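Here it is, the structure in full.
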Amino acid sequence: MRNDQRKNNQLREITIIRDFVKHPEGSVLIQAGDTKVICNASVEDRVPPFMRGQGKGWITAEYAMLPRATDQRNIRESSKGKVSGRTMEIQRLIGRALRSVVDLNKIGERTVWVDCDVIQADGGTRTASITGAFVAVVLAFGKMLDNKTINKMPVTDFLSAVSVGVLPDGTEALDLNYAEDSEAQVDMNIVMTGNGEFVEIQGTGEEATFTNDQLLKMLELASDGVQDITAVQKDVIGDAASRIGETKTKEGQEK
Amino acid sequence: MRNDQRKNNQLREITIIRDFVKHPEGSVLIQAGDTKVICNASVEDRVPPFMRGQGKGWITAEYAMLPRATDQRNIRESSKGKVSGRTMEIQRLIGRALRSVVDLNKIGERTVWVDCDVIQADGGTRTASITGAFVAVVLAFGKMLDNKTINKMPVTDFLSAVSVGVLPDGTEALDLNYAEDSEAQVDMNIVMTGNGEFVEIQGTGEEATFTNDQLLKMLELASDGVQDITAVQKDVIGDAASRIGETKTKEGQEK
Amino acid sequence: MRNDQRKNNQLREITIIRDFVKHPEGSVLIQAGDTKVICNASVEDRVPPFMRGQGKGWITAEYAMLPRATDQRNIRESSKGKVSGRTMEIQRLIGRALRSVVDLNKIGERTVWVDCDVIQADGGTRTASITGAFVAVVLAFGKMLDNKTINKMPVTDFLSAVSVGVLPDGTEALDLNYAEDSEAQVDMNIVMTGNGEFVEIQGTGEEATFTNDQLLKMLELASDGVQDITAVQKDVIGDAASRIGETKTKEGQEK
Amino acid sequence: MRNDQRKNNQLREITIIRDFVKHPEGSVLIQAGDTKVICNASVEDRVPPFMRGQGKGWITAEYAMLPRATDQRNIRESSKGKVSGRTMEIQRLIGRALRSVVDLNKIGERTVWVDCDVIQADGGTRTASITGAFVAVVLAFGKMLDNKTINKMPVTDFLSAVSVGVLPDGTEALDLNYAEDSEAQVDMNIVMTGNGEFVEIQGTGEEATFTNDQLLKMLELASDGVQDITAVQKDVIGDAASRIGETKTKEGQEK
Amino acid sequence: MRNDQRKNNQLREITIIRDFVKHPEGSVLIQAGDTKVICNASVEDRVPPFMRGQGKGWITAEYAMLPRATDQRNIRESSKGKVSGRTMEIQRLIGRALRSVVDLNKIGERTVWVDCDVIQADGGTRTASITGAFVAVVLAFGKMLDNKTINKMPVTDFLSAVSVGVLPDGTEALDLNYAEDSEAQVDMNIVMTGNGEFVEIQGTGEEATFTNDQLLKMLELASDGVQDITAVQKDVIGDAASRIGETKTKEGQEK
Amino acid sequence: MRNDQRKNNQLREITIIRDFVKHPEGSVLIQAGDTKVICNASVEDRVPPFMRGQGKGWITAEYAMLPRATDQRNIRESSKGKVSGRTMEIQRLIGRALRSVVDLNKIGERTVWVDCDVIQADGGTRTASITGAFVAVVLAFGKMLDNKTINKMPVTDFLSAVSVGVLPDGTEALDLNYAEDSEAQVDMNIVMTGNGEFVEIQGTGEEATFTNDQLLKMLELASDGVQDITAVQKDVIGDAASRIGETKTKEGQEK
């Protein structure tokens, strides 16, 4: 039995509240257990210098935690004057993951800025951020479709993320909370599409090691978990969900 | 008539939700019209170097906005690597205001960190931050009283803040929203105690000027508005509210 | 009796030496008691990016202290790699105040940079900076009038600033020196025009509070003090002083 | 056929030159094809503040490229004044990987600083860094054993890393060079121990996706490649190699 | 004839005003032609970490220019967030030069901070800074002698600096002003002691070259110039001047 | 006898390996005794903003040490977030020296970036950097001549550098190693052309002083040393060496 009475293959409850902040083109509050993240998608009518003149768009992400999202207060990164390595790793991951299911050729020379701000943390903030950010981005594209700014949903598939790990007793488990994560022998974050393909696998033995067998079991848990998360996303997105996949594959890229 | 149908002496609706984030000693979400700020108070068992060994505590504040709290996305201060002048001004103001009603001799060598994070902005974010931060700090002291960490509420009086200004038509008005603030001839922020004394007055002609008469009318509007805000605070704080003022005056300081 | 034998409504002696540094378009050394500030106004033939193409100008200010302007040596802000909150607050105040009496539409796409460098500090450095900066700016405009770069003095009124406060004995006093300022219960900086209107009021209970009555007495002291300072400015400026006000009001702004 | 005539399961030639720089406790130059990295291990007789008083040591890594290690010159990170996200990700990975095979309880309160400086880059710089850094660290421990500073080799197993990926023609390949890496559909870095367990898996669809089947084939290629790399390491290390594993498992951690 | 009618071996007029700022232990305003520098010496009762516990002191210098000390306004280094290479070079030079004539063993564990702030620049700011800083430091030591903080003047000899160069017409000249310096083929700064020994020689062909013959002529001009500057210093210092040299040589260092 | 058995006028052995890194237009590894520096010259087809539109080029240098190039590990400047004063001084010196023998009018609007990275340090890193950088730059120009990007070798003369000093026993010596440099009474770096003219002289008494006589002896040692270094450079450069000097003097500059 896990510390919160879940089974090893059981997700924490996930809730996604749409239109949480009024200004952004897409905005959600995602809650996964006690982890809460505001994900805002902002559309800007230009791209970074290195992409100008190519007729295509860009998606980039930023991630932060409120200082007291965690049990101990952390120093604000703006006060320290620099962004930590952990933050950079996470925001690079979020951006890369989102770009894997969006055909950037279909959005014109625009940048979608995705801001994931953790207001309360209890493990899995990076995977919740990806899951929530995907919904925020789809909502923003939905608004662009309504405005006729674009005429086709540029999203090729659903996208979500979940963590898996090996608990101290040696069993593999899905969706670790903070207490579990602190003690886990192995910690792995998996990003997958709605049709079950991998986008990112980041697994670390947390200064230990793991076997091929353990790896396969974790991948299976993640694969099942992602199905359930996708269902929650579909619900929240509503009508626009049916248009995901109308752009079949990313231009110039076969499978 | 104002752009949101309020009378000139009418506040926007204020709601304060307590215990909004689970980790901090004191936490509220304050909403004043469409302005929403999370105010967290964290208690740390030490003081900054310049105060060590004096047996007294310290209160300091930090303020930030989510990048898309506003109509246009702002660059994150952690990405820029420095805090703007505006942010510094506001966080210095919040800290100074809170210290004016707390007897720091009564809290031991502890620091109360107050974090005000604006998740949605529509004018008056600094005054809402002060009003909400006061409640968060009282809740944190309430918890310290419950734990017997301290034995007397160290807060001498209620504290809240509100903006006043002169609208383009020349009339004075209370609690400006963003659209009003952008056009106002004069913009003034007033911080007051529950018993009607001033803590801070910051008024600027916004590159114009104002008369003594206009000043007096604005001060009167603010004074009335603060009464109503104090009532909302009292309600949210509940039982602990009755202990505010049991520390009569700040030690070593007569009136 | 005050610590330097002044009456409560008495200013310290003010001297303004013009053309103190040879390169700037306008340059003064202002001395108010033992406070000494070099105020230089530099005219640059372009405006910041956010103002380009509007056909109007900009005024901005920077403020600094020599490390040993004060009793204890301060670390140089260039060595720390960042400007303190106090410095930012002051330089934002100086710029805002100057812009309140200059019609920026009359100076073309130019920036006036005002540098206030405190070489010796004894209280009231920010108010002396504003008073001196006003003269430096008028001298720079005078040179532009002589050169026919502009054809009308763009300054609508005189501008000066003074501090007031409540001394430990509870009496209100004008123009606090450093020793007084350190002990004052209330500290207020007032910026006013030559015709007696307010431009900025910044009053703080210095972590205490003050009454409406105290406020009114302080405003009166300030108002009288500013008259005397304006007279000193008029003297130093000489002929050009008579052209102040020939631009009646700032364009597009009625009173 | 690959662009350099290798078979899909074939490594580039690996050479490791020991004692490349004279000052460090352990130093190697590793060459993997045209990629060249200097790996220096420095032993410092203290640990970072968060680890003091625990009687155990720490291993941390830094990674950098000479500005012209690449085809186009990059701006030096010291000139930019900050370390990029990519650099942080890589140095965190190197440190974490090394700590997975070292029993930090056996080295006393010491820090091993590992510096990986890429002097010429042609793909796979992070995996070459890990492979070379492992040797440098073992050489440093060897010197500590010789000096009797420690009395047991604290390294539990061999450690090396290699990249795998999916080439544009859809085949999986081992040890991508820069040209291959730029075009690959999937890019994965695998860190493994000498006995074939995983330490880290970082795979990304590079803004595309990959199937479970592709994943399994890549893992197999990596597993075989790591065997060959381990053999090269063993050769270079010489006598000390036989002492690797004499510390069986990391203290307080069962398998 | 030079652009200001001086002969090639003629200094600009030098004036040194003592006690220019009231707070520092030693303070002068030095004017060399139109170059004006405030030199303040501050004594702090501790040394930097790397010198603690050795029973000796330290002298360090900082150098800055007011933004409009020059013909064109320069961006303030505190605003840029970093100190330029030129500034660092100069302040390292000033500190090194001063330490060459002070026996640091005689001043206890104290730091003398020397601040050279250029308020008006017309060439030769670094040499004027050294010449003025020497006087400020001697005045500070004079005060320490008066207070019996130290009992022997720790200064072994006079110290001053001057520039020399090769003008466009190929002749060598002493003490270049800004216009001369901009055009000179060679620019050399010489720091010497009162008894005619060298402390620093920094000569650069300014992207050109110079001959041994030119070098020898410049050294001779500098040597004569320094004699005259020393005389001015002696005058300003007054009584304390006679105590310079009572510490014969720096401890532990023979000649 | 010196600590490494050299005579006072004897250089350490110098080796220059060309084409050390494959990507740069010019690349060498220079070894002077145990000092080893990689010098890379990169040609970029544009100039910095302040030089645009003048039809001429620019040469700039950067210098760094690997953290463990020295006996004690140094903190990486990219981690500190700023470049030290020492580094800035050295890289300014290298750039200035190189520009003294290159006619920038002959290379078009191009920047030559010279990177000197010290991988092992044993004294004289700045002089070895200049000597090696000169060769790297000539190799880069040789490649540009081969490509017909330029049609004349723009280098007017050979350039190299060496250190001289006064040892503790009072004798002057050539090319100090680290142990000598640490103890020397005087330390001087001399940059000279192939035909024996001076480019830079930087001598410091290291907080002591030196006489005219000592200066002259050091200059003579340096002058002889530079002849030998030039011979090594000529050898490495090969054919292109004969074209050095075909641009006689730098345009618009007579001797």
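Letters are used for the chains, namely A, B, C, D, E and F, taken in the order the chains are written, and counting of residues starts over at 1 for each.
In this text, a residue touches a chain if its C-beta (ideal position, glycine included) is under 8 Å from a C-beta of that chain, and two chains touch if they have at least 3 such contacts.
Remember, predicted model here, so these are calculated numbers, not experimental data.
Steps from subunit B to subunit F, minimised over paths through touching chains, total 3.
Although subunit C and subunit E carry the same sequence, what matters here is overlap: shared residue numbers make up over half of all numbers found at their interface. The chain pair from C-E, D-F or A-D that repeats the B-C interface, sharing more than half of its contact pairs by residue number, is A-D.
Note: the chain lying farthest from subunit B is F, by mean C-alpha position. Note: the chain lying farthest from subunit A is E, by mean C-alpha position. Computed centre separation for the pair subunit E/subunit F is 28 angstrom, with centres defined by C-alpha atoms. Centre-to-centre separation of subunit C and subunit F, using mean CA positions: 52 Å. Centre-to-centre separation of subunit A and subunit E, using mean CA positions: 60 Å.
In terms of their C-alpha centroids, the spacing between subunit A and subunit B amounts to 35 Å.
Contact with two or more other chains is made by residues 81-82 of subunit B. The sequence of chains round the contact ring, opened at subunit C and continued through subunit E, runs C, E, F, D, A, B. On subunit F, the positions that touch subunit E within their shared complex are 82, 84-86, 88-89, 91-92, 96, 99-101, 157, 188, 193, 196-212, 215, 219, 223, 250, 253. On the side of subunit F, the complex with subunit D involves touching residues 21-24, 27, 34, 38, 40, 42, 44, 62, 64, 66-71, 73, 76-83, 87, 113, 115, 117, 119-120.
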